[in-house]
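I have a structure here, written as structure tokens, and I will follow up with some questions on it.
Residue numbering begins at 1 within each chain, and the chains themselves are lettered A, B, C and D in the order written.
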Amino acid sequence: MGEISCSTEPINGVLSRSSSSPPPSGYRKSCWYEEEIEENLRWCFALNSILHTGSTQYQEIALFDTKPFGKALVIDGKLQSAEVDEFVYHECLVHPPLLNHPNPKAVFIMGGGEGSTAREILKHTTVDKVVMCDIDEEVVEFCKEYLVVNTEAFNDPRLDVIINDARAELEKRKEEKFDVIVGDLADPIEGGPCYKLYTKYFYESTVKPRLSQGGIFVTQAGPAGIFSHAEVYTCIYNTLRQVFKCK
Amino acid sequence: MGEISCSTEPINGVLSRSSSSPPPSGYRKSCWYEEEIEENLRWCFALNSILHTGSTQYQEIALFDTKPFGKALVIDGKLQSAEVDEFVYHECLVHPPLLNHPNPKAVFIMGGGEGSTAREILKHTTVDKVVMCDIDEEVVEFCKEYLVVNTEAFNDPRLDVIINDARAELEKRKEEKFDVIVGDLADPIEGGPCYKLYTKYFYESTVKPRLSQGGIFVTQAGPAGIFSHAEVYTCIYNTLRQVFKCK
Amino acid sequence: MGEISCSTEPINGVLSRSSSSPPPSGYRKSCWYEEEIEENLRWCFALNSILHTGSTQYQEIALFDTKPFGKALVIDGKLQSAEVDEFVYHECLVHPPLLNHPNPKAVFIMGGGEGSTAREILKHTTVDKVVMCDIDEEVVEFCKEYLVVNTEAFNDPRLDVIINDARAELEKRKEEKFDVIVGDLADPIEGGPCYKLYTKYFYESTVKPRLSQGGIFVTQAGPAGIFSHAEVYTCIYNTLRQVFKCK
Amino acid sequence: MGEISCSTEPINGVLSRSSSSPPPSGYRKSCWYEEEIEENLRWCFALNSILHTGSTQYQEIALFDTKPFGKALVIDGKLQSAEVDEFVYHECLVHPPLLNHPNPKAVFIMGGGEGSTAREILKHTTVDKVVMCDIDEEVVEFCKEYLVVNTEAFNDPRLDVIINDARAELEKRKEEKFDVIVGDLADPIEGGPCYKLYTKYFYESTVKPRLSQGGIFVTQAGPAGIFSHAEVYTCIYNTLRQVFKCK
């Protein structure tokens, strides 16, 4: 009975070096999302699947199902929020002002299209009206469809989703007052879409007049790390304290 | 009219360093498939989407839509075939034997579940019967569904798709003869699924008796590079020339 | 006058597609250090150079000159400390206990081979004796040679570098007392080299007796993030408060 | 006797999840050189060390000690040549013309700064003069220093290394004839440094007149793959056959 003939080496020797042999323990093959945090620094997370990639009028959006972080929303190439820990950001944004207010009923969200800020606000049973005003309809629709954790919030009758520029919307609602106004926006980059929503003028002329007696304004303010606080946090803080009595 | 207040630096200076600023030209963010060719060598290709990942009874399969190579079939973590150039392999496997045979009518494919080998064979108008015998039904179904380039071939009435071990199938068909038998199999790895389909004994006792007068046997034989030919090519060549009169 | 002849396409068309053309803006080519934080999560930082890679009796060590973080010390494949921000860890470890002690003179460092903990301690002018006891002589020598930021500390006559197991060393010094004892050790992993330096028994029978009246013990206690605090921080905290009166 | 106290989970459970635990089998951490072959395709090879990175007047050069390929020379971000297989290119470039010439004595190398082409030529004992003319002195010096495999060639008294533009040098040597002229240059990219060394005019007016009776001209001509041959190979071939009688 014959076998495979090797003129040069015994079969085991030859074949064990074959590139087609089963992967050695620890052999890797995988799909990765790779984000450049800065030019010389990346992070990479393994992917289960690419749920969606696309462009809206305002930004590029993608939703990935990642192995380490669950579903992850990426806007303009930057990880915005991940299933496994988005609650940290959203709880910290929402609950301090709502718990500090004695009886929050009406809340206005500038931005917040993902729906998670609304979800946290709606947990407060005193709240009977939430206006969420985001400029990008496609992101809102996209999150409504994919982020099942926010489905209940999107369907809550107390929530009113408005597609508009938050500044224009607040200016339009001259007769309304809100107990809490929440800024859940991108960082203020000169020339960027949200820059005008972080100015002293906007806070004084638009935000403050819409707050009811004892009303509270809260805004995300970018990273506050030992180096990164200088990026936008310090600016926003310094602007805020010129307009509001800070807690 | 107020602006964002920065106590430390002028706004431009601060904000232009922001990690949230729009990506500089050339900024990368992307999804990648990464394959370890060997422990210290990888290649990575950018992904449009992950069309499918799963396991069959015999192997792990995935289909990716890659940016550089189009749809790519990955089996057990190794790129098998890509839309953009699979024709090179399949044309080279099929057309030399079929053009060398004066009148090929009946062809047997050992393996070939992807469907591309059948597609090339069916281009020969003399051919009136192709038996494609692959052991992995799920791969065949999967390729039938996703590889639209082979849809027509899968639907060709001359093609008979059999799910079986190719050796068992050839042994069973004692009365049949084929003008061309094509080996479109994984490499012969000791203990691997295809090892027995590359032995001298198999060629002598099973393949050769199924060839009609003037019949031709052809098999893929692994990489034939300056170093890689020693992996399996040399073995297969040396085995073949003990059994067949080589052209 | 002749030119390069192209039978198929005009030169510009052909050559502009050449793989040898100058890189487009944003083209990347670089050397990277890649660390798997966990199986499905990596970070990668660009390298200027690989200053050293090697193994000691106890661990693998490497020193890289990285683009984003300056010189970075990697032990057993994990980034330990980087030039650009190691001060954050070392200042936080050292200055609270030394500032809380009314007159710290004698300090004992368990571990600390990198030299940065000693550097911070030696900034306190009351200190007249620092015993730094690390088990791995090669790491100490290596850091002395490469980490120029600690050169002055290593040469300070108040510093006594001992190569020994910190527990053995403390037990040996039965007659000595220290005003501050600092644990600058790897995390307590069962079976790992430092596990016994985090036990209640060790704290009670060895550390506490070596503290002078009003003496302070401080130890690094691993990451304290929203998820990661459960890894070792909680354990260490719970152990410490059974032995010491915590501030 | 005490132990580490965990209020929440048994120690094993907690600690086995620790990010500080010894790497599982197959855990990767490494230094990599990553080259973008095109925008959506990369290859990466593991590094032992970065031997040199720098810029000359003409190009960026780097020498890496790679795990899969040994020492690798990278020019302008593209892998040029690697220790493990550079002989394939250089043997194929040199030996066919030198073996086809009945008595090669004088050889001129256009480019070839790496030294490997000279090394192969000098193996021919009939050769008594090799002029190697490269424009980039720093590359030549760099290769002389680092590529020990070419040390003997660089020291061979038959080799004359000239730093000059190969065209200018050939034009200057009006009275000299060479038995073989070898083009070991970068690909002809419009506007690139070597473009004029691939034109019909150059071949006719400069190269051909410098060849002795029965002299042979050979040039590298870029990749000749199933797709890549269209990049520069076809152009060079079509140019050459208008000037030379091709073998």
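Everything below uses one rule, namely that a contact is a pair of C-beta atoms (placed from the backbone, for glycine too) under 8 Å apart; a residue touches a chain by one contact, two chains touch by 3 or more.
By chain, UniProt protein names: A, B, C, D = thermospermine synthase.
Quantities reported herein were computed from a predicted structural model and do not represent experimental measurements.
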{"item": "Chain whose mean Cα position lies farthest from chain A", "value": "D"}
{"item": "Superposition rotation for chain A onto chain D, Cα-based, multiple of 5°", "value": "180"}
{"item": "Approximate Å spacing (C-alpha centroids) for the pair chain B, chain C", "value": "48"}
{"item": "Geometric centre distance via CA averages, chain D-chain C, whole Å", "value": "41"}
{"item": "Length of the line joining the C-alpha centres of chain A and chain C, rounded to whole Å", "value": "33"}
{"item": "Of all residues in chain A, the ones touching two or more other chains", "value": "24, 27-28, 30, 32, 38-39"}
{"item": "Contacting residues of chain D [partner chain B, same complex]", "value": "30, 32, 38-46, 66-68, 85, 88, 226-227"}
{"item": "In the complex, chain B residues that touch chain A", "value": "1-9, 11-12, 14-24, 27-39, 47-50, 53, 64, 74, 76-78, 186-190, 192, 195, 198-201, 203-204, 222-223, 228, 230-232, 234-236, 238-239, 242-243"}
